[in-house]
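All chains are identified by letter, namely A, B, C and D, in their written order; residue positions are counted from 1 within each chain.
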Amino acid sequence: MKEFFPQIPVIKYEGPGSTNPLAFRHYNPDEIIDGGRMRDKLKFALAWWHTMCAEGTDMFGSGTMDKSFGGNTLMETYENKAYAAFELMNKLSVDYFCFHDRDLAPEGATIAESCANVKHIAGIVKELMAKYDKKLLWGTANCFGNPRYVHGAGTSCNADVFAFAAAQIKCALDTTIELGGQGYVFWGGREGYETLLNTDMGLELDNLARLLKMAAEYGRAHGFTGDFYIEPKPKEPTKHQYDFDASTVLAFLRKYDLTKDFKLNIEANHATLAGHTFQHELCVARINGAFGSIDANQGDMLLGWDTDQFPTNVYETTLCMLEVIRAGGFTNGGLNFDSKARRASMTDEDIVHSFIAGMDAFALGYKLALRIIKDGRIDEFVKARYASYSSGIGADIVSGKATLESLSDYAHSLGDVKSKDSGRQEYLENILNSIMFDR
Amino acid sequence: MKEFFPQIPVIKYEGPGSTNPLAFRHYNPDEIIDGGRMRDKLKFALAWWHTMCAEGTDMFGSGTMDKSFGGNTLMETYENKAYAAFELMNKLSVDYFCFHDRDLAPEGATIAESCANVKHIAGIVKELMAKYDKKLLWGTANCFGNPRYVHGAGTSCNADVFAFAAAQIKCALDTTIELGGQGYVFWGGREGYETLLNTDMGLELDNLARLLKMAAEYGRAHGFTGDFYIEPKPKEPTKHQYDFDASTVLAFLRKYDLTKDFKLNIEANHATLAGHTFQHELCVARINGAFGSIDANQGDMLLGWDTDQFPTNVYETTLCMLEVIRAGGFTNGGLNFDSKARRASMTDEDIVHSFIAGMDAFALGYKLALRIIKDGRIDEFVKARYASYSSGIGADIVSGKATLESLSDYAHSLGDVKSKDSGRQEYLENILNSIMFDR
Amino acid sequence: MKEFFPQIPVIKYEGPGSTNPLAFRHYNPDEIIDGGRMRDKLKFALAWWHTMCAEGTDMFGSGTMDKSFGGNTLMETYENKAYAAFELMNKLSVDYFCFHDRDLAPEGATIAESCANVKHIAGIVKELMAKYDKKLLWGTANCFGNPRYVHGAGTSCNADVFAFAAAQIKCALDTTIELGGQGYVFWGGREGYETLLNTDMGLELDNLARLLKMAAEYGRAHGFTGDFYIEPKPKEPTKHQYDFDASTVLAFLRKYDLTKDFKLNIEANHATLAGHTFQHELCVARINGAFGSIDANQGDMLLGWDTDQFPTNVYETTLCMLEVIRAGGFTNGGLNFDSKARRASMTDEDIVHSFIAGMDAFALGYKLALRIIKDGRIDEFVKARYASYSSGIGADIVSGKATLESLSDYAHSLGDVKSKDSGRQEYLENILNSIMFDR
Amino acid sequence: MKEFFPQIPVIKYEGPGSTNPLAFRHYNPDEIIDGGRMRDKLKFALAWWHTMCAEGTDMFGSGTMDKSFGGNTLMETYENKAYAAFELMNKLSVDYFCFHDRDLAPEGATIAESCANVKHIAGIVKELMAKYDKKLLWGTANCFGNPRYVHGAGTSCNADVFAFAAAQIKCALDTTIELGGQGYVFWGGREGYETLLNTDMGLELDNLARLLKMAAEYGRAHGFTGDFYIEPKPKEPTKHQYDFDASTVLAFLRKYDLTKDFKLNIEANHATLAGHTFQHELCVARINGAFGSIDANQGDMLLGWDTDQFPTNVYETTLCMLEVIRAGGFTNGGLNFDSKARRASMTDEDIVHSFIAGMDAFALGYKLALRIIKDGRIDEFVKARYASYSSGIGADIVSGKATLESLSDYAHSLGDVKSKDSGRQEYLENILNSIMFDR
């Protein structure tokens, strides 16, 4: 079989001392950590769209990278993407991948042709999955790129577009099931509005719920036992997107009784665009029983758009993995690198450097998160902080025994309450630094 | 009775031609508009805290205004605030007011003393309400200013603080009922976290729900038939507040089964701090049956904090009133000016100028919103835009008859769908301008 | 000659009462206003790139519009763009246009070929200018779209790229001179950095200054008597751009002694991305003698990228024109619509609606700005506010007679100073509303 | 002498292994590093206002901390602040401090009384400096807190206010000289505008320059040989501040010919509020020969106001120290902790924890910055990246030999230029992580 990255060796773990740019310093796939192999704990996934398709275009410039992989026809190009993807995954010890229908295979003149294209490539992918022992983390349908979705898919003002989206989702969901995918994602990049002047928000949201319900019913009837995910994002490309953030999606799922089938796919860069930390969104998902999967990347906090950078901030990866551990680890979800090498990082080596940087940042973050838990100082502080709810009036509040009147009587008996329990933020940040940097 | 603003006359309507800075050009309280008196449609309210108490301090400077109203003792000062407030409301034809316990009356050494203070002033207020024919729009308890609430009230890590908040809320709610208030607001300025490192978000939110449930049960048992409101705000003073925006609050209310008693009090400046337009938040409230009341002000879109400026942007007031009309107008809610004269606008005249500017901006906005509806071009465009859901496949989608498979079959029969229905944003914005400016 | 927009009539002025969407309500090109024809005062320009080339792509979707104008070859397409552009300008009474080399003509395989292409189209344009009596507001070279500029042009790490940029600028400048252009713009979309980790900021800025100096010297030696402009923008596409805002550019021009030849081209949407109002940037340019030209558009204050919307906010257009009037009106500059119809506004009618909306918003804004000046209340307030600098100690300060010691002595003689001169913001905003809305 | 923090021991260095919260793990004051003592390289300073005065108020709540230090009179309180400050500095091995006149001593009824107060406390401070071997990093006058400065100081619309500011600055500058201060800072928190509607920006900036010039002339005539600094901040408390960022200040200094006397005091949190990284602002100062001193803190990137948190992000401290090293280290400047313990961190222990956290973060950052330089990979990459400017056409560009025409000829000889030199951002970020975390 043709090798697409002949200059790239299989990336090996060489440990923290290594200065080899083509080696892992923290990710050691088969090392046992926290009771399992690191690769099974982190469940890294390659995002087909960025890695196999994105060519470095931006709104002011054309592509800097060639992702044709030597294909002479459109279909051959997409076939080659598949071979190249598995070569990369193999060389990087990335065990999972994620796809949209439209990055897996080219759109045809009709929905039938498009779906046939997807199935053709999926056949090749299925063989490669078996050959390389790789798995599908999740699939999805791209219902945002084609001009027909200019006004949305499930929220389009045009019922034919809604139907077309349904057809595309059916095909992508069938493909996900066929490839044994553990998840199916809805990212509503066009589900929102450009101006309220032309928008019936009530109807649009009702329709969106209808589409999701249909998809869940179809999936369950056809053997899909994985999770459906909604991926929140507040804006871009649309001026305002309905799936703004984790809480907004929870409000929607609860309104339309969709919580049983749908969980959240949290993306770091989408969290910050919505005004939250990555950790906040993960925590909201966790405490609401909706933690599903993660799109791993990082944004630039001074930029107002989705930069999808490979994650290298170890504070972020550590606090992320702390939430993942608290959520009980991944079940159907994993860490999908919804990240792209910078436009100015245009070589194949850059792709590999990017994955190494991101995977090492997460492997290190995972180890540091475990160290935080083992250290115990932070958790003990938090436990002690809320101790007053374990007995007396606090226990009455938690148990539901207290009423506004009984609490008022109690407060009157106290006369006044002064709280001087320090929150100790700086102390805790210093502990975090000591765990992260001192060893 | 002593006159506190002797230089301020009763503000009269003089119409658009007037250059008298102490006259209304659009607000004509007893003029009939849309089937009712303008004053009953707009339901303007004075916010006791800003107008009677705020002295122009900011984080880098002390007060520029004197709000002691000649009081020689603390209690006399608060009594005078009441007399001055009603003089102002009378001179401005503002029919409603809103209060926190702590701006109505000073905090005492004990909760009992504090509550007695509130009741003392409330007694005076009740007489003034009768004398001047004014009403209470809503009351609330300030559970954020005192250092005891540094870690929150309903979300405090200290159960005694929770109990103290309950006592304070009971007193404020009793006072609201006593004064015939139509609403009771919860603004959770300290309900949130400074750092996730020390926070048990799950427990905190459960506790917050417990507090709200207790308050609603108590209120309903004691004759409160108005609306409870939650006022969303994403941040400030707290790093992250749980009542982030309208959707986040809806997710919370649905989780804890509180939707029956609680509606939303939407503030313009809080909307923009959360990354939404004012109109967006109003629309979200409306389509979810949770539209309650409005805190009218405007922020500075280039500043990252709550400036609480008096609202003078007529685009904003027009689009706000359009949503209010679509929501069926106010029932228990109204337009509370949660606005303060700028620190550099430190005279009594500035307070009056500020109210006039805000009231005229809303009165004009209301008239323009009615004109938009009467004009019909925008509504007709929107109706036509979604026409495809009224018959055929669209009607099947809306009725629930369609399935993913039936829609897929339909899409296959079409082959392809191209959407070329323009959203006509610029055309609609031009119509909006023509309605607003051409007459 | 082929008509490209047969369904679009010549747009006529019908006045404020008109509901004809294809008519002006405020822009009456030959009406005399403030001593001249409206068209000569506003100097509207069509931006070739958006209007003739932009097809509605965004980072998540392909084009919704066809801008091939029926061309069968690449060159024919560009020839047709020229014919279509002048047809549009004619029908819209837009008297000026602006171009980049690369939207005027396609890039060739070599710089020689590219420049020949530009000259070919420029020849056609020159004839059309004469035929339709249209003028070139400014030209520029696109030194950001091609991958060779991935690291910048004047700030590229590659000297060959710098040289290539110089060649491209020479050709664009020659063309500008040939077409009688009154300005030449530098927009440094790639002049900046992606990460400081790989950047020598000092060298890059020195080099940028070298490029500008060369261009100015060449231009002056070859008969260019118009203005060179730098167009500030803080970010996008680059993470951080050197021409961040007006003040940053002024610091740069002063450092490298370039103020004689260079003025500023202020764009509304760039101003807000940099954290300033549009009016602020215009005012900074004016008081520093660097006011040049304007890129007219508007952004969405809740979005973090350049939306380049057609300007329809009349507050913004009014305050912009107030600054233009204060700057003495346009000399070489004008109002270039660096604006694009929304992706969802994909028809030819939308282009026309967009221009009408923007032109009417500016024509109305101009009239309102004149009305503000005629009304006089705002200017009088400002004059009175600073009156203390006209005599006494204030005059000593302004004249340079005062010293720190003399002022200290004076202050000691006063003992204390209390300032109670209200800034009257709300009063002034209300006056602004009265001028804008009451007539 | 009374001990104010009896429970706080002298903080000792115990090294990275320590879990003692009252010990340094990285800051070892007398350890030799990079050719000097760590304390002389880092030059940590205590900010009098936050540490000795700030009581934890915010815009929505009153103070949580008592900073009266047992004083029974106002003056005794301020005397005690001085004793307490030096006790703290001594226990923390902080060698410098910074003050405003108004946090050092209380304002009197007249400027004479205020200045006498400052001199009284300065006398005590001078003795304590000698006793504890501590130094003054810089002094300044608070020309923003008193209501008289509501419209600015040097930019006030009231000439008497300008004169009063001059008097206050004279006194603060005299005191700085008396205490041997190495710097004098201007932070223009009120030098800006609230609304352009009432502002004459040109006059205000001219006046500001006049004030700075007077101060510099006075200082130089009275023996001040240190640096004058301007501290940029874009906004807060004022809507728009004239000293927006480093570049804006440079434009101002160049316009008014003030570059000889004035350098920049860069604050981390002000940098991010202006849309820049801390490192960016430091780099701008450095390459313009204006690097002076640093206000060390960190903001919350999701909040739009100055949080002044103690700096604990080691990425930030590392990149900051890298710039400091590149600038040749501190001369007159140093690292002033313009940081405050969180409102919820209200105990004396929290102050100490905060300093330890910040000092260790900077000491570690300094060591890591030195390690980056010693490692050499990043610097080598940057050097190689710009190699093309060392010879051939690049050298011609740098030397000024090249012209637009000569470069155009050269480019024509090349025909085309394709740049495929990767910027290697991810590779460099991975190296940074390896240096920071792997040891």
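Observations on the structure shown:
As a convention for this text, a residue touches a chain if its C-beta (ideal position, glycine included) is under 8 Å from a C-beta of that chain, and two chains touch if they have at least 3 such contacts.
Being a predicted model, the structure only gives us computed values, none of them experimental.
Counting hops only between chains that touch, chain A reaches chain C in a minimum of 1.
Between the interfaces A-D and C-D, more contacting C-beta pairs are found at C-D.
Distance from the chain C centre to the chain D centre is 36 Å, each centre being the mean of its Cα atoms.
With centres defined as mean CA coordinates, chain D is found 39 Å away from chain A.
Those residues of chain B in touch with two or more other chains are numbered 64, 147, 149-151, 194, 235, 240, 275-277, 302, 342, 344, 346, 423-425, 429, 432.
Those residues of chain A lying in contact with chain B across their complex are 109-112, 147-151, 156-164, 166-171, 173, 194-203, 205-207, 210, 214-215, 217-218, 234-235, 240, 244-245, 247-248, 250-252, 254-255, 274-277, 279-280, 283-284, 287-288, 319, 378, 381-382, 385-386, 388-389, 392-394, 397-398, 400, 402-405, 407-408, 410-412, 414-419, 421, 423-425, 428-429, 432.
Chain D makes touch with chain B in their complex at residues 56, 58-64, 144-147, 149-151, 189-190, 194, 235-237, 239-240, 273, 300, 302-306, 342-344, 346.
Against chain A, in their complex, chain D makes its touches with residues 16-17, 19, 21, 25, 64, 272, 275-277, 301-302, 310, 312-315, 341-342, 344-347, 349-350, 353-354, 356-358, 360-361, 364, 377, 420, 422-427, 429-434, 436-439.
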